[in-house]
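In this document, chain identifiers A, B, C and D correspond to the written order of the chains, with residue numbering beginning at 1 in each.
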Amino acid sequence: MTGSRDDRDRLRVAVVGCGYWGKNLARNFATSPYSMLTWAVDADEERAERVARGTGATVAAHVERVLDDQSVDAVAIATPAHTHLDIAMAALLAGKHVLVEKPIASSVEDGIAMVRAAAAAGLTLMVDHTFCYTPAVQKIRDVVREGVLGDLLFVDSVRINLGLVQPDVDVLWDLAPHDLSILDYVLPDGFKPLAVAAHGADPIGAGKACVAYLTLTLPHGSIAHAHVNWLSPTKVRTTIIGGSKRTLIWDDLNPSQRLCIYDRGVDLEYDPTQIAAEARTAAMVSYRSGDMIAPALPEREALGEVIREFAASVREGRPPATDGQAGLRVLDLLDAASRSMAFHGATVPLRGLR
Amino acid sequence: MTGSRDDRDRLRVAVVGCGYWGKNLARNFATSPYSMLTWAVDADEERAERVARGTGATVAAHVERVLDDQSVDAVAIATPAHTHLDIAMAALLAGKHVLVEKPIASSVEDGIAMVRAAAAAGLTLMVDHTFCYTPAVQKIRDVVREGVLGDLLFVDSVRINLGLVQPDVDVLWDLAPHDLSILDYVLPDGFKPLAVAAHGADPIGAGKACVAYLTLTLPHGSIAHAHVNWLSPTKVRTTIIGGSKRTLIWDDLNPSQRLCIYDRGVDLEYDPTQIAAEARTAAMVSYRSGDMIAPALPEREALGEVIREFAASVREGRPPATDGQAGLRVLDLLDAASRSMAFHGATVPLRGLR
Amino acid sequence: MTGSRDDRDRLRVAVVGCGYWGKNLARNFATSPYSMLTWAVDADEERAERVARGTGATVAAHVERVLDDQSVDAVAIATPAHTHLDIAMAALLAGKHVLVEKPIASSVEDGIAMVRAAAAAGLTLMVDHTFCYTPAVQKIRDVVREGVLGDLLFVDSVRINLGLVQPDVDVLWDLAPHDLSILDYVLPDGFKPLAVAAHGADPIGAGKACVAYLTLTLPHGSIAHAHVNWLSPTKVRTTIIGGSKRTLIWDDLNPSQRLCIYDRGVDLEYDPTQIAAEARTAAMVSYRSGDMIAPALPEREALGEVIREFAASVREGRPPATDGQAGLRVLDLLDAASRSMAFHGATVPLRGLR
Amino acid sequence: MTGSRDDRDRLRVAVVGCGYWGKNLARNFATSPYSMLTWAVDADEERAERVARGTGATVAAHVERVLDDQSVDAVAIATPAHTHLDIAMAALLAGKHVLVEKPIASSVEDGIAMVRAAAAAGLTLMVDHTFCYTPAVQKIRDVVREGVLGDLLFVDSVRINLGLVQPDVDVLWDLAPHDLSILDYVLPDGFKPLAVAAHGADPIGAGKACVAYLTLTLPHGSIAHAHVNWLSPTKVRTTIIGGSKRTLIWDDLNPSQRLCIYDRGVDLEYDPTQIAAEARTAAMVSYRSGDMIAPALPEREALGEVIREFAASVREGRPPATDGQAGLRVLDLLDAASRSMAFHGATVPLRGLR
């Protein structure tokens, strides 16, 4: 793209944590026209070195050295969730902007502390909800928010495959963050979940849920639901967003037709001479059957867009599209879902974080 | 087939209720080698006449005339659910075997009364769970019960489409009976649901749930789940039955490959030197990736098989495959699901009907 | 629809030949608001009686009785192809309009005679190219002729399945008439095939081709191709119509998305300063990637439309959409294809029938 | 795998031509346990340097320097086809084994010269028919050759997409080598094509065929056919191999079910009391409908297998699986297809190369 961008305009970034995802982040920071990789940090210095190779970045075993470096603009944190709080707070105190992996923290309280600290310091705190930066989700957000679908009726998401049974988290915390962060991103402002219920099962005796179902109560009688599963022999990645005017289906495994917008649905026509209670039963039900459109989507790597947004939000002093608040909202849903699951799927009303 | 079957061997049947399904039943009773249609009964006699035409059956507006006819062996009831009790009890009292549409009755108490009355009279009471008699479900039952899948881990069923919003029942009572009767039929004896939770939504203001999710707690940590939905622009009819050895996927809309049995899955290998609590975390997780087999299925009409089974159970004096108990179990699940839905998805433990 | 249509407005039709397709035709003539079935003719009178039952039609073993009946408006011929000439000529001489099954005759010469006779008598001669009256093909014709696709580049059709090996015809004459009649119907006027080549194989020793490939040379460098096959274990019914602006794909086995119109393609941009020969190589190739639209199609039975068109063409004294000329063009292509197949796929230039 | 393989056992390879495919080859030679990359050669030395970086290979602008290096075992040629002859002959004269990109040469005569030279020198000449080394094609070869399908009846291949219009070759030479090399690889010994016909079209005025159909006459009445196309908006990669016992379908774009083996088909049963001519028409046709099996396939990169086979054939002094003869056979088919296309699809009998 704009490979000729002046180096002084680029965000100077330190990546902390050089595991699977940290390596990806580092590579993208190193090659993005919007950033430079200046430090690669990992307690395992060999790992950090492998990541730094050929990028010009310096290697460190501890984040302290990075925080002392006045030339570093931002810290990207790709360490385990329970370490996010300490690293992020230190970085913010040192005046660095922060990009943090999801979930933003291992408890809602920690997350709140991070968000407040960033606000107080006037620094950017962004959560890496990568999926929100894919062309498909960007398009879905536009479609939903521009009212193409009409009022939202239901969201149904299926994310199942023969998955790696994770050592530290259950299937809910492994897979549902994708669905929840996408939902948070595309739902209109103010149209946020009111309550959560979750049912899980561990039929193979893995010591944690391997199959889970998540139900979100949305405003105006709407509902959202997600099925996450590590035990399915076939892979499914499908989300249906039903609206009063149109319905969108996203099949992420169908590259030639990822999004379909159906102009089909059920219409209720109320008799205006009827009053309240009777109106419902007097409603005429009719069915629409119109065209389907599969919009063309650009080919773009999501992580490149994450970095572009991070750099832009820092430069422009504005909150990023997936800011700390978004991270908190997702964390709050996960936390409530876990509590629901422990209580046989009891519906847990949400407080509504501010 | 055995078109030359002697008329004296055939079950002489009266069909009561000549609406959409009654007409189907009547046509099948009239043409089956195992039965004859002798009466067509409907309060709307014209409707009854249309059904009787060309079959040799006599028409009646009321069931009383049928019950007086000593030559009638059995009554098939295809009237609305709230009328099942009265008609079935009268038929049983008159010494007629009974085939009744699902749901068996409109309340669990009514259903119990019918089951007890049939038992007392030594007559057959069969519920028309038609889907159980399709070649696909027959094969699934065999596969599950012969242990081809190993231990059952989870069942996930999706039955969604742009459906007719029914005037009298919600989406749960309209569509879930199919999933529940199939589940009841294929699950091994003794492996029955322990509890139910259901979440529903009426986002279009139809006055009843148009989208619903049903979660069943099964023994040994297993789970079953069904998604039923009238608002989806595309039709889906898929059931996954995950087992410890193999997993079966039934896609009823894929005629060339309705059933697939995958030899893929997650294996846990416990270290026998470890004890209890630690054993779990010490378990080695491994993944199998074997062949998939799509078994050939015969082409057979389910309703013909329903009648064959009804006639055989009468002839042999044995309970039919989908007897009154099966009908009661399905009704009990539906009833518990409705109660759960009214209480925000609270998990409702089942009593276990006997 | 217009069930109240006055009987005097309805076309009075005799169906000759009461086999599989004749039965279908008869049923449709009997129930269409545009026609009445007045005779059912078959050498096997029992077969004719089964077809006539309940329709009010008279039964005959020979067509002569029908031709003497002044009240008969039209004769629909569903007998084997080699009998079409005699029956059609007699019917036309007796002043009856004619609807004839495909192929119109068993030789081009016979077909020409029929077309000339109908023209001389001022009577309608229509060929039952049923597929042309499906909602999908109607839509394709509109799309092609309104220029939505731009210039036609290629047509590729696949019609394969585990088919009944026919006793009297090879796979070309069994299946390709569908593709050829559809092609004839949708191609713009004047844009007709120039030459035909066909390759066949009889690998199972059935005594006739069971697999065949048909290549049509179209004007302006375009090409059409059809694959017909009785030996495929899976069924495929797909046609791609590639255009300079858009490309249409028709998958007849995908009811939820039968037609897809892709706004994708290859563009050549010529440098106007270059002359002739060099211009080509200097052309800039570019690629378009736009939306896909799957238009909604009405649910309508094709045979009902065939009858509506037949009745309308008689009433209005105009050629039907699939007139004798269309039947001749298809027959000419089949005949040329058979000759090509006998000569190792030699390209057979067409004469162009008038 | 066996990363600890002793360096002295590894094949020392020079890659000549560092374009798109040469880069791939070089990377694989450098990382394979069976080889080392010792030279990267390209007239554009910068390109060679990029390829050599980090591999320890020396860079050269001309192949002469490589040929003088006694330590080089083999030369891999990834330059344009018209240069293959000169480079390969020089390499063979210098005692180097040769791996050459497809097509083996730009004329059959050149190819023959290369094959003879390698034979005379007792050196390995392998053609890089990469697709033959994919797990899918390996499995297909086994299935075909072990008789799982019975006698081969037909092969139908479709390889279409919105393709890059190539500057130097038409769609036949761009895409059909894949189908032809795969066919050559999987067909049983002795069961080789007897004749070729090809039809092409250039409807966009690109100066070369953009759509082509290729028909191969196989022994015993069998047929093979390929459709290659640069103008299709959707991508298809499907091959059907029909056999007398079973039929295999390979859909390379369906990763979860790449191969399906159907136990379905048409059977002819001859009446043994009938003789020759009559037997055919007296044959009873019957239809089998059995299970479908989708065999599990390993995940393996094809290019790694190419190198393993090249190294093994050198080490063991045996012809590689895709030797010069295979390359010649494919070239001969392409050449005959081009001649056929220039003569309106005339069937070109093959000489049968030895």
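Going forward, a residue touches a chain if its C-beta (ideal position, glycine included) is under 8 Å from a C-beta of that chain, and two chains touch if they have at least 3 such contacts.
All of these numbers come straight from a predicted model, not from anything done at the bench.
Shared contact partners of chain C and chain D, listed by label: A, B. Set side by side, the interfaces A-B and B-C show unequal numbers of C-beta pairs in contact, with more at A-B.
Taking the mean of the C-alpha atoms as each chain's centre, chain A and chain C sit 53 Å apart.
Averaging C-alpha coordinates per chain places the centre of chain A 40 Å away from that of chain B.
Centroids built from CA atoms put chain C at 44 Å from chain B.
Looking at chain C, one finds that residues 234, 264, 292 touch two or more other chains. Contact residues of chain A toward chain B in the complex are 151-154, 156, 160, 162, 164-165, 167, 195, 197, 199-207, 210-211, 213, 215, 217, 220-223, 225, 227, 229-234, 240, 242, 244, 247, 249, 262, 264-266, 268, 280-281, 283, 285, 287, 292, 344-347.
Chain contact summary for the complex, chain A toward chain C: residues 257, 260, 263-264, 289-296.
On the side of chain D, the complex with chain A involves touching residues 234-235, 256.
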